[in-house]
């Protein structure tokens, strides 16, 4: 049991650091170890097998749930990505980056850009916050009237809220200078809401940022790019589809992630995994392997084990 | 000299009440009387003559100036009219009134109306305040970049600011559900900024409110109407051109006007007209007649005296 | 199964259009038809019988529930009515309409009207938003401290929140220029919170808008009126009790309603009623008749079937 | 000439420190010295004589003007006092301090206090900012409609603006829990706007804070008090009339004052008094004595020199 | 059964008044009486025994729950205390009270105080509202990321949100001028989050307000004080640990409390205790004694009965 | 004289287009031509001579003044640059760009960056607007207390205002992640406020954006860069000193500039230069050459003509 915050913190760092060398060697793994990090086992049979063989207890960040059925260890990354999306979008609107040469906020006497945010979840809400903060005209689309009402309440008419159907989306795109794709369905491929046909009709130099790219993207023409070469042309528009956007603000992302994981780490460190399960029922949804057994049905199916 | 506020107040009322019977008889006028009210002498030779003949001192509200060259006794009426314009516009957007059946503020999931305010002075600023307050999407047009900057500072991007030229105005009208004409040039006919051709291209059921109607209106098709029969059709749109809009909220208008006139009335009552001139230099700009002489050049010219 | 959004939309329109001729003929009804609209069967035995006889599946908007027990297909109409209530109230405060001649927002130096909103649900929240937007002084009364706290959080002291008991209500009414009755108990007659005695003590020319009129009204003296002749005098005050207020902004109301119904319509169209029940459990609460049977207990009781 | 900021700063401190021992000895004064501080010579003949005899150049903070005719070296003290006035008023509303036991901000379901601020200058604006920040209901009264309009613009209807006449003031006082007297006429005794008769009719336990107390106070019953014993009863109300309020937050007041004086000190230090006069014309209005002569007419009159 | 609101109100007052003489005599208690007030039986065996012996039904405010598991009859007192904490903190920052002489809001050119609020529940949220309202720089710390997100949403970046761990807390304290302890764990002693070592490193004259003092306080050095002698020195800082803070604004606290209790009182009065239990399930959690039996397990354990 | 807005517009475009080929040939210049654009004659003797020889009337944007002594044709470019500075600063804070990997807005639980804006004019105000809009913690420094007060009024405590002296600036830099240099003295080299010594002590990866670079820059280590290669390292920090920042958003910059110039162009086109001088006195300050004479003293001195 740890009795000072500093120790807890150091333990947390230790556990987090284990991850990197993992895929190469797995030499650190043993039965008494608790591994708590992003795992994405469905994508790696060798890693899964190594975890099983080692007998360690492994918990995947990405499937831990909270009391409301949310995914609390994905939330901070969504917030980082959604906020960064508007900053990067504003940067790429510069003609020197291939955009239409519009200043997102406009200036008095010259109207600002219109930002269209598709999806009103954590990513979308973060993008709306930045878009309005930068004085753009902002539309947010979602399928849920209650989510739209929350935007209307919070922004008191400052944001245009639209129900998301293809006709409305298309109309909004015709006015857009910057489009943020923020539709993420946990554990599934993102739906392709913006078709190539829609892109063809856009203003020349409009910029698309696909925050859903890690799940395949929500624009038909999205393909993963990197921070080194972030954009490419689609007809007359510019697509920005950088995978792992939060990696570019690692300083902040690490702090944001730790903010969310610390409580679990602290409990696991002081009370053990089972003690932590008692306090945080949703932590159990993260359990992947224990005592040499694979305990996740979806992973078993995906890997045919 | 008056020593209590109540007396001052009553005096103010008295002076104000003199006005109404004036045009019929002029019997109350005499050399010792100070008449301080709206006069608009250029429009009435008999009244002007009566004032001259009586020898009274007459001061016209509408030409008194303040230190910044403004017209402080027109300001409260402009504020009332500009605020009322949006309320009346919102009311007449109802299909039962002949409008397009749009709810100005929209609701979550159904976008609000766009209000286009032409002119960013006292009337326009009042209309913008109400339009944003009702959660509409608002554009304000003006010729002065500094005025637009003030809107941008105050509303922090909530209001679209556009320099007023015919091309831009036309573009904005195409999106508009409600148009507020707020262009007033003191002492001159308002310029006809919205042409019939522009009106033809508007959305059916759009509503125009011409607050400049008392100076001839700033839309080509404006004609004075009354609170009893306030609107008429122009192509597929509805025009609201009620003269003397503040008359319908007389309770408030009187208080607002007295707010502005009281200081002058109080000074005239306690110190005499000359004493008041010393304290408020701009009051002198209101001087029309004194000791049997007409002292206003514009009135002399207008009436050919 | 429909594969394009446009088709879904057209289907939705089709289903909606079925309603009107319904009460006259019922000729369109047959076993394979799904009827999804406002039905209010408890008020019409012939309609209920026709639905049973036809064997069609009928679902009533007004009893569909969401996950939180709310009534999602009533919400948009409540929002429209609550927002319109303040616009109409402000309009009728004009002395030319019979009101006290007060401008709701006031102007600098002349204080604004006080708006008292009774009930803090969807209608009340919408009225509060418009009242503060128009710069009135606003009080909201409700029985639930948690609801009042939400207003206090959102408006940060801009709105006076009061627990609703008769003594406090009476005190607030004495200050009021505009009263919005926003107390709706789903499926029950609204309670008569404002008595005639209270009305007698009000400021002359105060305006009452009873948004609860479709459920009998929440003021003792409320009687249904129409958009053509919307108001009548009660002592020295003006009552506005227009039934079906959203009808006057049909353009917006339709879009707002479709916003809420579209998801259900789309699912029914592509997956059938049972498929839709699986996805939206609360849709089942809307089921009235199916295969020749009446499935709603309250309707059976009300109609004695 | 000084070439580093640090030296300038130290010089400033030095000049400021000269003040204290002044009234006792005057021994530090000599012809080459520039004395720049609050002087208030009209209240002290011996000090004035000593300054004349020494031949030093003395400049009084309190009469320096800026380009708009304002008093820039009084402004920071007015801001401190106006902000502190509301904090102290809120504190003294506690029944343990003799107030009526009301919590200034209220809580959801229990309405907040009403704060009445008399005067809309620097002190009044500071008090309004704090009153609204603490979620009280706030009224501000002033004689100038333009000043009221500025409040209406800035607070967008959050603050009640009233023209200041005795009738209106009296009405507002009847509702008030906390009254801030913020009427300061530079170089003159404050007018006694709140009479004892008005105080008599107030709510028991209401609190009055007279920020104008250093100029005699703007309530009829005001008498100077100290931070040690700040309040006394007047009928059923509590009066707080602490002289030199900013003294209790000396840390902040010093920084705020230096903020305003530094630019003059720096210029005097590097360019001499005449150089500084060239850059800051209004500094000349602060000149009291130079080369053995008294240069201020008002002081000469006041002291009969 | 009561049929008028006034009677209900009077009944409520009556029930509330019963409390005071209770601990002395218990003579009023009898089997037909329902006692509904703060009881805190675990701290008083004689009172508990008297309630049992009398056979009365007793319900404790402090353990009544609402649908979300909250404690609705503690909420208003938390709101009062949290809001008052900042007012009192600002007052005690004055050097005349022993503080560092900083004005909480600062003034233009002199930066404001930093307020650190530990805990983001009802008390903390109330303190944050007042701290930002007074224009301080505010940090709020909490263990729950979701709670921090709510602050970020509501204040849109105006408030610094930090996850509460000892390292971060320590860093924030080094910047702090005012610290509000707002960590309350219902029914348990507050954790001692601020250690003496942390206090040693603070700015001289910093002020600590421990709102958790009624549950033992959340600073290591907290000891109960009174409104008469509210503060004491700890190293170079000032501690304010007044027990029962709301007592000083009894006028407001009573109204706030009644706001929350009235609904229960009204139901008990008209429907009896069992009727009220049916409507408000959480009221049952308040049941302490009935028909001569002690029904609370924690009290039984605490008192060894 | 032009009678349609479209013609005016086209004329304006024509006049503007004259500029580019100018420096090569000057062939277009002749006595009847009015040249109205940015000229910067002090930097080019050949251009000046060509203008004189041609006999044309030339007016320089950069020296036109408005009624308040401002430079209205520089203002829109300052607004564009100041807004873009924060977007570009936020982009370069990414570790992939060489910054410290901090996300400007932070996320809940991880505190945002601190932005220090040096100078509170048009550039600085624009930067403050964007910095707060992106939810950063923002400090603005200026020499003028009145300018700081305007920020305090507008942002209501959301922005830290500091008087600019080297000690305070240094303290603020120690906390800064992003520094915006916004100190522009019209017609003079910018003062070097940030020394290399200050830069040495900064956080590693902090970003400096020098908007004053076109006038030499206000950081000691500033050297012009381009949009292609915008940054370079100074100790552990990143400097961004792109000359002509608005060029990258040419679409917006052109509209913003035209917003400001149109009124003059229109008047010159319809009334001639002398007519325009009558209406806009400050336009005369732009007059460089006319009828073969050089009319600007500063240019004559600078070029030794």
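Things worth noting here:
Every chain is named by a letter (A, B, C, D, E and F) in the order it is written, and numbering of its residues begins at 1.
Basically, a contact is a pair of C-beta atoms (placed from the backbone, for glycine too) under 8 Å apart; a residue touches a chain by one contact, two chains touch by 3 or more.
Owing to the predicted nature of the structure, the values given are computational and were not obtained by experimental measurement.
Any chain bridging chain C and chain E, meaning touching each of them, is among A, D; the list is complete.
Counting C-beta pairs in contact across A-C and across E-F gives the higher total for E-F. Between chain A and chain F, the centres computed from C-alpha atoms are 38 Å apart. If you average the CA atoms of chain C and of chain D, the two centres end up 54 Å from each other. Among all residues of chain B, those that touch two or more other chains are 76, 105, 107-110, 129, 132-135, 145, 148-149, 156-157, 163, 259-260. Working note: touching chain pairs come out as A-B, A-C, A-E, A-F, B-C, B-D, B-F, C-D, C-E, D-E, D-F, E-F. If you check the complex, the residues on chain B that touch chain F are 143, 145-146, 148-149, 153, 156-157, 163, 165-167. Of all residues in chain A, only 105, 107-112, 132, 134-137, 145, 148-149, 151-152, 156-158, 160-163 touch chain B in the complex they form.
Those residues of chain B lying in contact with chain C across their complex are 76, 79-80, 83-84, 87-88, 90-91, 93-97, 100-110, 126, 129-130, 132-135, 205, 227-228, 247-253, 255-256, 259-260.
Put simply, chain B touches chain D in their complex at residues 4-6, 8-9, 66, 72, 75-76, 125, 129, 133, 154, 258-260, 262-263.
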